[in-house]
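Across the two complexes that follow, chain A remains constant while its partner is chain B and subsequently chain C.
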Partner chain A sequence: MNFNPLPYPIGQAVIFWLILFGSVTGIVLAIALFTSLVARGLKGPAAVLGQVRDFAVDMIRLSPRRVFALSSLTFKEAIRRKALLIFVVFALLFMFGGWFLSGTGERPDEQARVYISFVLRVIGWLTLPVVLLLSCWGIPEDIRARSLHTVVTKPARRNEIFLGRFLGFSAVGSIIVVIMGVVGYFWIVRQTPSDLVARVPRYGDLAFLDREGNPGRGVNVGDMWEFRSYVEGATRARGLWRFKDVYPGDNPDEGLVLESRFEAFRTHKGDMERGLLCELSFFNPETELRVRHRPFQVKEFSQNEIKIDRKLSMYDEETNTTKEVDLFDDLITDGTLYVEARAIDPGQYLGMARPDLFIRMANRPFYVGYAKAVFGIWMMAILVVALGVTASCFVKGPVATLLTLTFLIIGQGFREFMDRMVFQNLNNVLAGGGPVESWIRLIRHMNPQVPMEPGVSTSIIQFVDARMFDLLWIVQHIVPDFRHFRMAPYIANGFDVNFESAIVPGLAVMFGYLLPCLLLGYFSLKLRELEAK
Partner chain B sequence: MNRLSSRNRKVVYLVGMIVLLVPIIVLGMPAASGEGSGGYLARLRQEHDLGETSLGEVDPSSATMNLVLLGLRGVATNILWMQLQEQKETKQWFQMKATTDSITQLQPHFLKVWQYHGWNLAFNVSAEWDQVEDRYYWVKEGTKFTMQGSRRNERFPELYWDVGNMLGKKIGRSDEWQFFRRFYKSDPNTKLFEGGPDPEISRFGASEFEDNYLASKYWFHVANDKEESQAQHIMMRMVFRQYPARAQMDYADALQREGLFGERTGQAWAEAYRDWTEQYRTGDPGFGQEIFYTPAGGVRLEASEADMRELAKKDSVSLRDKRTWTSRYQDIVSYRYWRTRSDAESRGKTEAAHREIFEGQKLFREGRLLESKEMLEAGMEKFASLLEDYPSLTSDDGFIEEGLMAVLYWRHIHTLLEIPFPENFALRKLWEKEAARIPSLEIDFRRDNGIG
Partner chain C sequence: MQTENVIEIRNLSKVYRDFWGRRKVQALKSLSLDVKKGEVFGLLGPNGSGKTTTLKLLLGLLFPSDGEIRVLGKPAADVDKNERIGYLPEESYLYRFLNAEETLEFYGRLFKMPAEERRKRADELIKQVGLDHARRRQLKEYSKGMTRRIGLAQALINDPDLVMLDEPTSGLDPIGTREMKDMIIRLKEQGKTVVMCSHLLADVQDVCDRIAILYAGELKVMGRVDELLSEQDETQLLTSRLNDEALAEVRQVLERHNAKMLKVGHPTASLEDLFLRTVDESRARPGRRFMPGEDGAAGTPAPAPAATPES
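What follows is the complex of A and B.
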């Protein structure tokens, strides 16, 4: 996994959402108007527009009191259906969880990582099935038992029914998540021997200089994982970081704390008694002032803390004297700090990625980061409820369950694969073609590099594949990206959950789906024959 | 159309259940304490030693996990393997270790799984880390993991052999062997082990665990004991059986490599000779005394002409066949070479030759050239005499390189002292015979001593 938190472009995301939502709504409306025109003449479009007007009116006249009453009813029903029995499973898992978790005895930090991942995974795995089943079976069960008839004959609007159900199930999900979160917190704290904190990193941008000192890329030393690029020791190759908004803290005498997580790669044994050496330099491109910091040994896969004093001494080669430099006054201009990292040992390499060097801000308590990670699970549960309630408005319980589960599985487990396929197809770098072509290649034992024979059959295959990829593109844009709710890697790696990189995308995805779900649920309930079983 | 009443149907169901219960009891009744008790499946399990308890230690968490998963164990295992592969590619080593443990919880009696993961941790993961202390940590993790596997599958010799191999080869022979052997006795995690060894792998206090090779010998011994009742599937049986004795030789050799000469090293070689040819200290017959079966009947590697004749008579085969197969088997494990080597090394003259060459090289590095020259000359004399006494050692790479390296040091001292290099010297015969090796050894010599 690439743990590389990037700021979420919320502005772009909102614009994209507006375009997508507007386009889909427009297309659906146009199709509805056209088909109604064909079917019923001019009365048809008027009826369609009447439905749209009804929706607007229903939304304006929405009664919070009725929504609250419906959600209270939903909540009580869920409790009556023994939804909270899930706590028994939860208790069992926590009682015996320690049996199944490996002890990393000598590395307490790693032990904490295992426990935190376990707790957050358990909360997610137990909450999601419960809210999924509750939300998918609620309305179909009401229709089956005809209890919905008593509701719809009352002055309750369809959007109120939808919202009542949604909020009721969300309340159940929230209670489950909160209780499990609190119990999980105490379990982690009790199990973990080391003090837990949530480190707060400030990341910069990374660029590379090649061995001649020209802007370029680092070297791949043969890793399949291309997360890190490597710089060669004793050459001009560098990793070049730019940090923004770096200002003195509350204590003006204090400098900065940097943390690195570089990887070492040796092309020869070298000095085995010590780790490879890395040197950081700070420089100001405006004044061309450069200060080299004392080299440190790289300790892999661990936290290398480097304290940078505010007053740094440097050797001035022009005057052959040592002079003192102020980190904030002389090296940082407009809050921008440039840091270069280089490997010192000849023939040895240091691997670097953007999050491998960052400025450490003041730590936050562990519970802050943990609470945010639990909040991520909560957002996911809410989205599942929204999808489940929506699906249950137009299909029966089992189908709604399957549909929501499919969304969940594709959006979480296959999202990366799907994104990769679509990206490769759009950029014409997909090896082996689409599904039909791949199938034919498999049967004929053709490797992906061998071109298909030109001809009619190949054209047909490629046409069918292209349409399948169009379908995949649509699915990619419809199915929510559940990965945005995964905040466990932050807290398991000992970091606070970043608001811009993690919370904002989670909120964006959750809210982005609520309005379309409400629309779809409303019209489905409105147009559906509630007598049907 | 069902004409039976509700009551009648219930009676039919009850009778059906009772009828079905009979084969279930016959097949699946659990075994009581006595042998041969229980249902058919329980008896089969006893007969073929396939019960959970007879395979090794029972881990309640593993049993629970398998029970909870019902029939989905295979699916869960596959998912975990895929996860493991991804964690390995993205270098999430600790998560990978946790996944590894989960896999073995699901497949506790699949030996290959233990072997694969043990090797992966001790050899592959350790090599991914830069600091030698970290590498040692992963070697230990791999070894402990394999030890755990051997406890879970205590009837099978393979995992015991793997533990011996890791303790011996990985700690004693890898590039970092000097560090690893030191860490074995004094773990780098001083906070946890307070300068002592990690008791989980070295069980310090017991003499057979004071050195990694001795610990390795112990595990090979256990593997041999297990092998007597359960065949191993790693290698030819005879090759497998030699390892306790070979570990003893490696131990003695390591002492020499570390510059430890004297009584202790001599005794170590003497014990290696006994293990190889006569008898282990445990009372078991030494490797050379064991009988191995060949197309020409049983052969013993430590066999005189009379022994072979007797064996040939017993197996009703010709003496020639017996001799051929004995020799062939001896060649497979270089029996004669190791016999000669351990015999030669246990003698004082050999020990003195090694020590003087080692000391001479050390003096050279300290810049005491004249003393070094004298020491090397004395060592080379003894070395030449040793090669005359044991000509088979002239084909041993280790001996050849040691002799040539001694000459290289000695020659370089002449250059530095600006005195002519004598035409005749003790190891001249070896120097001329192995002239092809000199250029590469010279590179090593220059690199080791920082000579440009």
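What follows is the complex of A and C.
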């Protein structure tokens, strides 16, 4: 399981957005001013600045009543065009889906994971095509049928038309998501044999000590290093966690509950009936107080719950006595708790990643986490509507559909690949060069590690590749990262959806695209002749 | 520019271009005209003459290639001018999934009309255009004539000062045509300005105060209809029941004054008049065949007599 929720740097994201948005707007404005100056003389830049002023005026004078009228019309249109027939497909999937999903041999938590993933995937897969098609075809169809002529010849501003369409389709998407979400919830609860809860983890930071006790990065036992590193048993190798903001709960006598999901790597069979042993120690670097907790057997691929009492006993080697230690008063300073994890069995390894050990906070009801996961789908649907309506303002329905679908596919499926390529290129660690160089290497059967022969042709190839990577960089920064809306892994793994790691990035991406979409949609509608032949 | 002008067009040109900016067709060439407050102005011309282009430029649906347009004292691209404008497109491009009430409700909302006023106005207009019986039917079930009527109603929802009508009688039966013309005349009586473009000359003649005739994007003729149609070198006499003897005397008088009688005959009503009287009569007396002129219901005599050429 590579589930690793990381905190989202919202401050950095906002600054980056402001820089990017400001730069793009500035560049577009500069190009518009220059081309208009060349084409129309001094009147051109005045007209361009007039358009900017008109946008500001239209935003100030935006009428919520007209926006509501247009969104009501859009909603009515979608309903009367039978968009809600999608519920028939939904009902069919739910009526018979259970036949193919239930596995009696599976553990209850595995079954729940399958059901939850199924429901959330179905909601996403059914909602997105509907809102995508509706939003991409609405305005082009209005222009084709010239219904829009009867609207723009009324005092309806272009931003009101854009927002009316956007809100109307969003309302349709919202209804679909809410109804499917509610039905899906009851379906999951009925199908799942065990009680469902949303566990609330508090993650820490992880560092490693090597077999000599020096800082390191753990042992690589194969191709899993990217996520987990391994500590060798019966050595000084450790996984070292630091948890922040750890304070006593409502009941002052209670300690903490930790949960681990370490993975074992055996270099010899050992006792196959028994899990590898792991020992946790708590220590305070300021007082150098260290308390070892009793070892536990690691149950792989399942939850290992470790209860830590508030009062812990430790053996004091200096006085040869056993003394009592308070977890919060003696081991935690300023809310920071340090936990070491080590493997005990010699020759065996324990795999550890940051989310493999966490403090369990009080559970939340399952429906809370589930509602947040559905909210993630809703945010994705809203973004798809925004992109679809924007595209439909400057291209026809089929092209708008293809464009939005491309954004969706790249933003969901190719994002990781694209990020990796751009990262490797920027850090000069990309083996084999760019697309042209790779193609040449393929033809010539050249090893990616062998450098190209210096010369004019190599320079040209590398120049073209560099421009392609520039283009890829632009695409990477334009296409939304739809992975931020993927909240199903949280709830499928039995966790609550974390606000900082999941909801905030989702909201940031959604809102980050709304203003650029509004601008693009407004000017596309304003500057095009609706009746052009 | 003068303030009584509702529309002012100066040197307006429109060139349609393709995707690459290459000139496809010049739809208007340096058109200049004014429309005064309270008049019914007709734009005439054969297909492709530029009359609909002019109307769409006035509405801001197209952008001029050159020249200036002011509508109600504002540039054509200004959205605020639309507060006082009503527009009936050539085809009724309304939302077909709405019914008549919902249609007027929607357009009323775009004018930010209060709910009560909106409902009252919609009710009035639906009755006025004769769609009371079909107010809850979706527009996709409407006939072409009914669609034109609801189109007219939406154009009047805001009680506009300036009404632009693109082929207002297109697709209407003779009764609908007459009602549309009556409506235009009523709008004029209410002090509204009406601009219409049409190629149905009889309709234009019946309702327009002034006309402009366009051909290939150029203004060819503009003026008052009565002045433009008047033949100053001919005189028309219209009498009742003139016998042959009296007719011979009239001829002699004309010959004494060196004038020649060109046509003699009985006046005829227009076909439109005949059709309307037939329908009215049929409604009043169902099952009975209508015989024109039977009960003295001769109708309104036509202005021009159907002629027997005199040699």
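What we mean here is this: the second predicted complex is superposed on the first by the 525 of 533 C-alpha atoms of A that agree within 3 Å, B and C clash if a C-alpha of one lies under 4 Å from a C-alpha of the other, contacts with A are read in each partner's own complex, and residues count from 1 in each chain.
Simple rule for what comes next: a residue touches a chain if its C-beta (ideal position, glycine included) is under 8 Å from a C-beta of that chain, and two chains touch if they have at least 3 such contacts.
Note that the structure is predicted; figures quoted are calculated from it, not measured.
Superposition of the two complexes onto chain A shows chain B and chain C fitting side by side, with no clash.
Judged by the touch definition given at the top, the superposed model places A:194 against neither chain B nor chain C.
Of the two partner chains placed around the shared chain by superposition, chain C is the only one that A:157 touches, whereas chain B remains out of contact. Using the contact criterion defined above for the overlaid structures, shared-chain residue A:227 touches chain B, although it does not reach chain C.
Chain centres taken from Cα atoms put the angle at chain A, between chain B and chain C, at 120 degrees to the nearest 10.
By the touch criterion defined above, A:4 reaches neither chain B nor chain C. In the superposed pair of complexes, A:77 makes contact with chain C only, with no contact to chain B.
Within the superposed three-chain model, A:269 lies in touch with chain B and out of touch with chain C [touch as defined at top]. By the touch criterion stated above, A:301 is placed in contact with chain B alone, chain C being left untouched. The gap separating chain B from chain C in the superposed three-chain model is 25 Å, by closest C-alpha atoms. Only residues 16, 24-25, 56, 59-63, 79-80, 82-83, 85, 87, 89, 91, 93-95, 97-98, 102, 106-107, 109-112, 154, 158 of chain C touch chain A when the two sit together in their complex.
Per the touch definition, chain A reaches chain C in the complex via residues 58, 63, 65-66, 68-70, 72-73, 76-77, 80-81, 145-147, 149-157, 529-533.
The touching residues of chain A, counted against chain B in their complex, run 1-2, 96, 99-102, 104-107, 110, 113-114, 117, 224-225, 227, 263-264, 266, 269, 272-273, 275-276, 297-301. Only residues 60-61, 64-65, 86, 89-95, 97-98, 100-102, 105, 129-132, 134, 137, 175-176, 179, 189, 192 of chain B touch chain A when the two sit together in their complex.
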